[in-house]
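Below, each structure is written out as structure tokens.
Below, chain A partners chain B and then partners chain C, in two separate complexes.
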Partner chain A sequence: MIGLNHYLILSGILFTIGLIGVLRRRNLLMLFFSTEIMLNAANVAFAAISNFYHDLSGQMFAFFIVAIAASEVAIGLGLLILVYKKENTLDLDDLASMKG
Partner chain B sequence: MEGLVYIALFAPLVSSLFAGSFAMTSKKQFVGVISSFLLFTSFVASAILGYHVLATNEAIHVKLMDWIVAGDLNIPFGFIVDQVSVTMMFVVTLVSTVVHVYSIGYMDHDKSFNRFFSYLSAFVFSMLVLVMSDNFAGLFIGWEGVGVCSWLLIGFWYHKADVARDINPSISPSWAANEAFIMNRIADLGMLIGIFIIYWNVGSLQYDVVFNAIPNMTQIVLTTAAIALFIGAMGKSAQFPLHTWLTDAMEGPTPVSALIHAATMVTAGVFLVIRANPIFEVTPDVSYFIAALGTFVAFFAASMALVNRDLKRIIAFSTLSQLGYMFAAAGLGAYWIALFHLGAHAFFKALLFLGAGNVMHAMDGELDIFKMGGLKKKMRWTYMYMGLASLTLAGIPPLAGFFSKDAIIETAFNEGSLILWAMLVVTAGMTAFYSFRQVFLTFHGDERYHEFGIHPHEMYKYVLIGMSPLAILAVIAGFFKDGFNDFIIKILPNYQMSEHTHHLALYLGLIVLAVAVSGIVLAYIKYNKGLVRSEKTENSFIYKLLANQYYIPNLYEAVISKPYAELSKLMWKNVDMKIVDATVDGIAKVLYKSGDKSRGMQSGNLSNYLNWMAIGAIVLLVVAILSLVA
Partner chain C sequence: MFEQIAFYFFSVLTIGLFLVTVFSKNVLYAMTSLASGMVVIAGFFFLVGADFLGVVQLIVYVGAVMALYAFGMMFFNVTKDLKEKNTSNIWVMIVGVTVALLMTLMFVGAINPDAIYASLPMSDKMNNPEAVGMALFTKYLVPFEVAAIMLLIAMIGGIVLAGKKMDTSLTNIEDEVLQQKDAK
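Showing the complex of A and B:
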């Protein structure tokens, strides 16, 4: 039987994968994917807890997150294309121009 | 009448501000003229007020405004013009007016002419606040104002460099100014403590309230208050052991010396004792100490004047000595005689100083009387003025000094203090001797100044005429003794000689007179022909002791100044540099270093930033969890 814990563990694993991706990856596009993974990890947790408590507000939150993630991706990808056209690369180490 | 009080008080302030607004510009004759005129206005107002008080026997009490009102503490800015303060106002404004007129001539060639007048008038204003205030707080403000102005004026020629004590005993004007200021601060602490004690026990600083509350105070409180107040008076009036600043203050321009010694500043101490007489009246032990100290100072200062070679310093020592007389009178309960001597002394002492200024002007700044001689041919008027003032100082009848000084000596006899009486009589002889030693060495005998290539010349006419009111008063002031007695006893205790003394008065007066005349005769025999220096006398122990002021300045330097400087150096090097500065610098260094080290974080690389953000978030999470668990 699959219980709440399984979902939460899955969510945790997904979030960790996303976090490691954010920390380790150097490609800007991959960073985007990683953040999407983290968002969806949160979605899984919301949906599971919502079902567990028979409360719909968690699922509503998940929908909002999906909507916001979609719009964020639309803008983010647009910006990425512009960056790529300008710099010809998406590697963060090469984009470090604001050195303090 | 209220308007007149304000005119008398604020005319010098207006004068000071007016002259001050020209302080940075070149010499302007009209500044001196207008300042003198404003001072004269103040004098006229004081004289009218004096007449009013004399005619009506009523004190004028005005309240300018509330000054300090906090809780139970209520100190108004109030002024009282009664018999005592109006006498002081009359003397102060008269002498100050003459000094202002004199300064126009004396400071003629000084480039800081305008600044000088500004300070001079501020000095007079402070003194008027001091004498006119109706409470101890106002008196203290005037007291401090006088201190500041004296500092400004003694150090007026601040650009002069320091020299060794052997060449010039007062080292330099700025040194002398600092000495005067610091010594006065020491005494002012005593004064402040006295005022605090009074407030603590009475709850008010108004004179009338305080004096009415005296019966309710315990003897110990009164004695402590009297001692503390007298310490303040000792500083201002340069009584032993705080006397060294007075002779060093001769570094200031001569009109300042005249003002300090005659009208403002040093008489403030005597004034305080007279003003607070109800307190001293009920503390006989303190009063007797005042009388004894005064007598000692009179003798002590006169002895130092016997051998001094500096014209102005001799006069300064004589002031010290005469202040001793005033304190002796005040300490013995004869407050009105002290005040009378204060007034008479102000006239002839100002005259002496201004005369000395003329001589100094004529001799191109030379003050050594051994280098003068025979000046009477060149400076007839100055000779007359100084001779007259010296006769008055020596106490020759019928001049003012005879009446006032003789009354003091008689008081000492009347009180049965024969030791004090004998010392005061001897001092009178010494006074006569050193005054005329100085007169003869300066004006009589061979003309020694030729050797030094000096061509003396008399002072300007208007200056000499300006000095005449002082000369007239020095002659006639004594005749007003009985009138003054009737006037002043309305508020001061009436001190009268006993029957016994009254009978002997003539003989007592004759003794004093004989001693004084013999002093003059001795000076005449020794110095009239010219200067005869004897190696043997000058190398004797006593001569050296007196010439070096009993080595007291050296003692102060060795015991107080030098160790204090060493201690300051030690504290600077060890405590200040190693502890205080090190702490402050350490904090700055930690911040600077941490900033420098953490600068590397800002690499401009987004990935690094994200790593730091993740670390921060994890740390916050851990903290949050830990705080929830705990």
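Showing the complex of A and C:
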């Protein structure tokens, strides 16, 4: 029988994958992808908890997370396009202008 | 039985697809596997009975967000493989394993199931989309409207940011200008 813990462990694994992506990649677009993975992992946990406690609040939170993710992508992609037009690269190492 | 098979099948599929997303050298492969991973995540939502959330996931994530990425990709040069200097693997592994352990501890130890009560209990009379609608337009009306305004602001912001200097298209400038840009 699949219990709540199965879903929570899956969500943890997905979140860790996204976190490793954020830590490891140096391309801004890949950082965005990794963030999407982490948001989705949180959504899975919310939906599972909502189901196993018979509480709708988890699903409502997941809806607002989806809305926030959509607006984040709209703004973020606009900024990425601006950065690419200006610097002609999306690599964080090339974009770093401050040595510290 | 069906639930178990579906859960393990979807789990293996999502973890594999997201691993491809995170470790792929090609942005197009990463985007495609991310989109298919999102579809499978919607399968999890249907599995836990969150029907409306699953449909929203399909429409918003797979339909809108990934299409936005695909359009944004037209501005970037994605035909070349990414060459990036990776952060030292030891640190990534240390941080990743630590966070994974912390989350396991949190899920297993810190949650006291008896102390949790449903603040918005599901009723058997309504199916999932109906119940979501009732909750969204009563208890969560103000956050819903705020989210609507936030989406409007995001839309305007996206148009303003991406639409800047749209008249100087990157495909129409002369080769020398592009080479100058590359050399810089």
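As a convention for this text, the second predicted complex is superposed on the first by the 99 of 100 C-alpha atoms of A that agree within 3 Å, B and C clash if a C-alpha of one lies under 4 Å from a C-alpha of the other, contacts with A are read in each partner's own complex, and residues count from 1 in each chain.
FYI, a residue touches a chain if its C-beta (ideal position, glycine included) is under 8 Å from a C-beta of that chain, and two chains touch if they have at least 3 such contacts.
From a predicted model like this one, the values you see are computed outputs, not experimental measurements.
S.K.: First (chain B), second (chain C), both or neither: which does A:Met30 touch?
M.R.: In the superposition, A:Met30 touches chain C alone.
S.K.: After superposition on the shared chain, which partner residues are touched by A:Asp93: those of chain B (first), chain C (second), both, or neither?
M.R.: Both partners.
S.K.: Is A:Leu8 touching the first partner chain B, the second partner chain C, both, or neither of them?
M.R.: Touch status of A:Leu8: second partner only.
S.K.: Could you figure out whether chain B or chain C reaches more residues of chain A?
M.R.: C
S.K.: So, A:Leu19: does it touch chain B (first), chain C (second), both, or neither?
M.R.: both
S.K.: Considering only touches as defined above, state whether A:Ala48 meets chain B (first), chain C (second), both or neither.
M.R.: The second partner, chain C, only.
S.K.: Let me test your reading of the model: by the given contact rule, A:Leu77 touches which partner, first (chain B), second (chain C), both or neither?
M.R.: second
S.K.: Taking the contacts chain A makes with chain B in one complex and with chain C in the other, which residues are shared?
M.R.: Comparing the two interfaces on chain A, one with chain B and one with chain C, the shared residues are 19, 23, 25-26, 93.
S.K.: Touching chain C in the complex: which residues of chain A?
M.R.: Chain A residues touching chain C: 1-2, 5-10, 12-21, 23-27, 29-30, 32-34, 36-37, 40, 43-44, 47-48, 50-57, 59-60, 62-64, 66-75, 77-82, 84-85, 88, 90-91, 93.
S.K.: Using the touch definition from the top, list the residues of chain C that touch chain A in their complex.
M.R.: Going through chain C, the ones touching chain A are 3-4, 7, 11, 14-15, 18-19, 21-22, 27, 30-31, 34, 37-38, 41, 44-45, 48-50, 52-53, 56-57, 60-61, 64-65, 68-69, 72-73, 75-76, 82, 84-87, 89, 91-92, 95-96, 99-100, 103-104, 107-108, 116, 118-122, 131-132, 135-136, 139-140, 143, 147, 150-151, 153-155, 157-162, 164-165, 170, 181-182, 184.
S.K.: Which chain B residues qualify as touching chain A in the complex?
M.R.: Where chain B meets chain A, its residues are 599, 601-607, 610-611, 614.
S.K.: Quick check: in the complex, which residue numbers of chain A touch chain B?
M.R.: Spelled out, the residues of chain A in touch with chain B are 19, 22-23, 25-26, 28, 31, 92-93, 95-100.
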